[in-house]
Amino acid sequence: MDILALLPQAGLNGLVIGAMYALMAIGFSLVFGTMRIVNFAHGEFYMIGSFVAFFTYAQWEVPFALTILIAIAVVGVAGAAIEWVVVRPLRTDELSSMIATLGVSVVLQNGALMFFGASPRPMPDVVSGLVHLGPAIFSASRIFVIVAATVVIGAFWLFMQKSRTGRAMRAVAQDQEAALLQGVDVERIFPFAFAIGVVLAAVAGVLMAPVFSVSPFVGATPMLKAFIVVILGGLGSIPGAVLGGLLIGMIESFGATFLGGVTADMLQLGVVIAILLVRPAGLMGRKEA
Amino acid sequence: MIGKTGLTVRLGLVIAASVVAAFVPGLLPNLFYVHIANLTLLSGIFALSLWIIYSVGQLSFGHAAFAGVGAYMSALLSMRLGVPPAIGVIIACLATAGMAVLLGAVILRLRGVYFVLVTFLFGQMFTLLALNWSDLTNGANGLISIPAITVGGFSFGPRPVFFYLAFAVFLAVLLFAWGLKRSTFGRAFDSIHQNIDLAESCGIDTARYQVIAFAIGSGIAGLGGALTAHYIRFVSPDTFTFHNSVAFITMLVVGGRSLFWGAVIGAAVITPLPELLRDFEGLQHIIYGAILILVLRTLPGGLISIPSVLRRKGGGR
Amino acid sequence: MTALLDVHRISKRFGGLMALNEVTFKVGTDEVIGLIGPNGAGKTTCFNVVSGNTSPTSGRISFDGQNIVGLKPSRIVRMGLSRTYQATSVFPDSTVLENVMRGAFTRSEDSLFGSIIGSPASGTARNKERAACMEILEQVGIAHVHDHLAGSLPYGYQRRLGVAIAFASRPKLIMMDEPAAGLNPEESQAMGALIRAMHESERASVLIVEHDMRLVMDICHRIIVLDHGELIAAGSPDEIRNNPKVIEAYLGTELVT
């Protein structure tokens, strides 16, 4: 194929993975922003989302919209429970809470390995066919992922802007003490924030399940990318997570197309470390003390 | 307290420990147990070196990567350039420390979470490089038949013999950590850990000491990695991964973070654990994770805090 | 006057806010100076700029004849300018004596190598340090709790320990950020007496930010007043008490007694 044909494909692929990274990074950033917790188990919720999609959609042939709702419910409850049991008692200690989420990650990943085995399971596309846009031809399933991710991010944004809980979360993220003084029940906000954060990861897992396959280890790469994205966009910054996600998605897609996958990966890490040097708080982050 | 454990006390302990250690390989029922003992000593070196970094209040999530750098470096020096492994491990140690100085100088402005994330990314970068820089690392297949450490024709290759080498290095690292703890550096390190702003106001150059601690800890990890490579005679991108970094952190947490003894106890408890849990394949890692969470929840000071916890409970009655 | 600390037209801008605007003042040797002003006047910013915790947007600061802008805080401390913090600032998990020894870190004669192996010379150096630090604890009146953990001390003692840590480096100038904050009137008065006594025995100049006006008026030779980041008055306690600009700045916030 010539370069002109590759460009739109690379761009579309960049949007697809960029949308996934954005979803992952928003959730990760939300948890960090409100609770000051680095969630090393974030990728496992992506993995759980993928498995929910596999069993409900591919095995039991539940409608896809319902699949998403089931994933949200399952992971939401699990997330709130983990916040309650594991994270809450350790919240005052940044390092301990971080290590505890490592423990959660190990348990979840190996639990999945024990129950479902290591072999990757393929999953059918949700929509099929091709879409012609001018001279370029795109697969409809990819476009579906982009549209669905945009809808979810939009819904999340509306939730954060309009709902009481969402506004309370933003207040807590901005200044916990001030939020307390304004009567925000911080203790009740935390499990919500944690649950919503990991639900976003799970939604990413559901949407991407047909693109990649489903296995206990699928969460590792998206989590690594989420880390890179939030460092790039600034820890705790939601717009930074969206922008960073798209940027990393594009770098990855174009890099992989024109330079090869490994070079693209190294390039990303290099770019992130360079950005940290110049702007330690990330592209859109607030300065940390 | 500083000063109470003077030179003589420490010498006595060294002699006592050495005498006990002299009989260990002979007393263990078979070579498999000797192997476990060797791995435990190596873990002890890794955990102690991670503790040194932690003692300035930083936690490296890429500690295994430094061990891996040391392992590859020493292995390649001996295989490609014919450098004697005994010298190679020392070069690996110093080079790894030097690398940590460079990385540390770059990230010294980053505190807490950012430091963790960058060390994590560094670990990922190492794995990527080890996998893909095939000319040097032989990719996923790794380097095989790495020569054993020999000194004057005497080989430390066999398991029971390597035990003595590992024990000697472990003991040296332990004494170094102990000395460091009570030294002027140790005072500066702990000041930074407890209250970094006040430490700076005491005239302690906090950034400099943080880099020093990072370099010492990473350098010792490089040494441990090099020893491991010449012991198992094989190194691949899977030898030192993020999971190993997590294991080292687990040792620190389970043993107790406040004192270097905690790292030693953590290594001694955690390293043989997978072997004991062999019958529960699959469950093994879950138990690992569960122990981590359980200790954090119920015994945040780790195993070394048990005596003081019991005392407090006893006194409370 | 030979100035120990010479602050010349320093400004500090945070975004659009001028926290300090062309502030100029000097501190001489053997002086106790009060730095006062209503909340948000820029006192703590001024401290942070002088101690090197943040850099000024513009202006010059010299200490003992040398420029200190751009130096690390620890370097400035080693030149003889030490500071205390507003909140209780101690090493909570160390003993009281160990806390003071950390304050004396830069003066330690202990060597790195000697201290690692635990040589006799290192032991001697430590004993000497320990004795010197005990003396400082005697002076601030908390020698009897030298083996307690600093974090377990009552609040008033922790504040005194903070003073001891700062004096342990034998500074030529010590900057104290609200040393009496959170203390009751008697404790506050005792703190004032302590600062005066330390100033006299250690021959160190003192620059003090404090809200307790009685304390400031009692112990300071001169007072400088900041308001909205600008220096609005400087003079003896009596002059400041009767300065209409100062009274206006404080009107409705606090009373100058």
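All chains are identified by letter, namely A, B and C, in their written order; residue positions are counted from 1 within each chain.
Throughout what follows, contacts are C-beta pairs under 8 Å (C-beta built on N, C-alpha and C of every residue); 3 or more make two chains touch, one makes a residue touch a chain.
Quick caveat, the model's predicted, so the values are computed rather than measured.
K.L.:
Of all the chains shown, whose C-alpha centre falls nearest the centre of every protein C-alpha atom combined?
P.N.:
Here the chain at the core of the arrangement is B.
K.L.:
Would you identify the chain whose Cα-based centre sits farthest away from the centre of subunit A?
P.N.:
The most distant chain relative to subunit A turns out to be C.
K.L.:
Averaging over Cα atoms per chain, report the distance between subunit A and subunit C in Å.
P.N.:
Comparing mean C-alpha positions, subunit C is 48 Å from subunit A.
K.L.:
How many angstrom between the C-alpha centroids of subunit C and subunit B?
P.N.:
41
K.L.:
Measuring centre to centre with CA averages, how many angstrom lie between subunit A and subunit B?
P.N.:
Using C-alpha averages as centres, the distance is 33 Å.
K.L.:
Enumerate the contact residues on subunit B facing subunit C in the complex.
P.N.:
Interface residues on subunit B, with respect to subunit C: 1-3, 5-7, 10, 176, 179-180, 182-188, 190-191, 194-195, 197-207.
K.L.:
Where on subunit A is subunit B touching in the complex?
P.N.:
The touching residues are 32, 38, 86, 89-90, 93-96, 98-100, 102-107, 109-111, 113-114, 224, 227-228, 231, 235, 262, 265-266, 269, 272-273, 276-277, 280, 288.
K.L.:
Which of the residues in subunit B come into contact with subunit A in the complex?
P.N.:
Touch residues, subunit B against subunit A: 59, 106-107, 109-114, 116-118, 120-121, 124-125, 128-129, 131-132, 246, 249-250, 253, 282-286, 288-290, 292-293, 296-297, 300.
K.L.:
Taking the complex as given, what residues does subunit C use to touch subunit B?
P.N.:
51, 53, 72-75, 77-78, 82-85, 89-95, 98, 101-103, 105-106, 108, 110-112, 115-119, 123, 126, 165-166, 169
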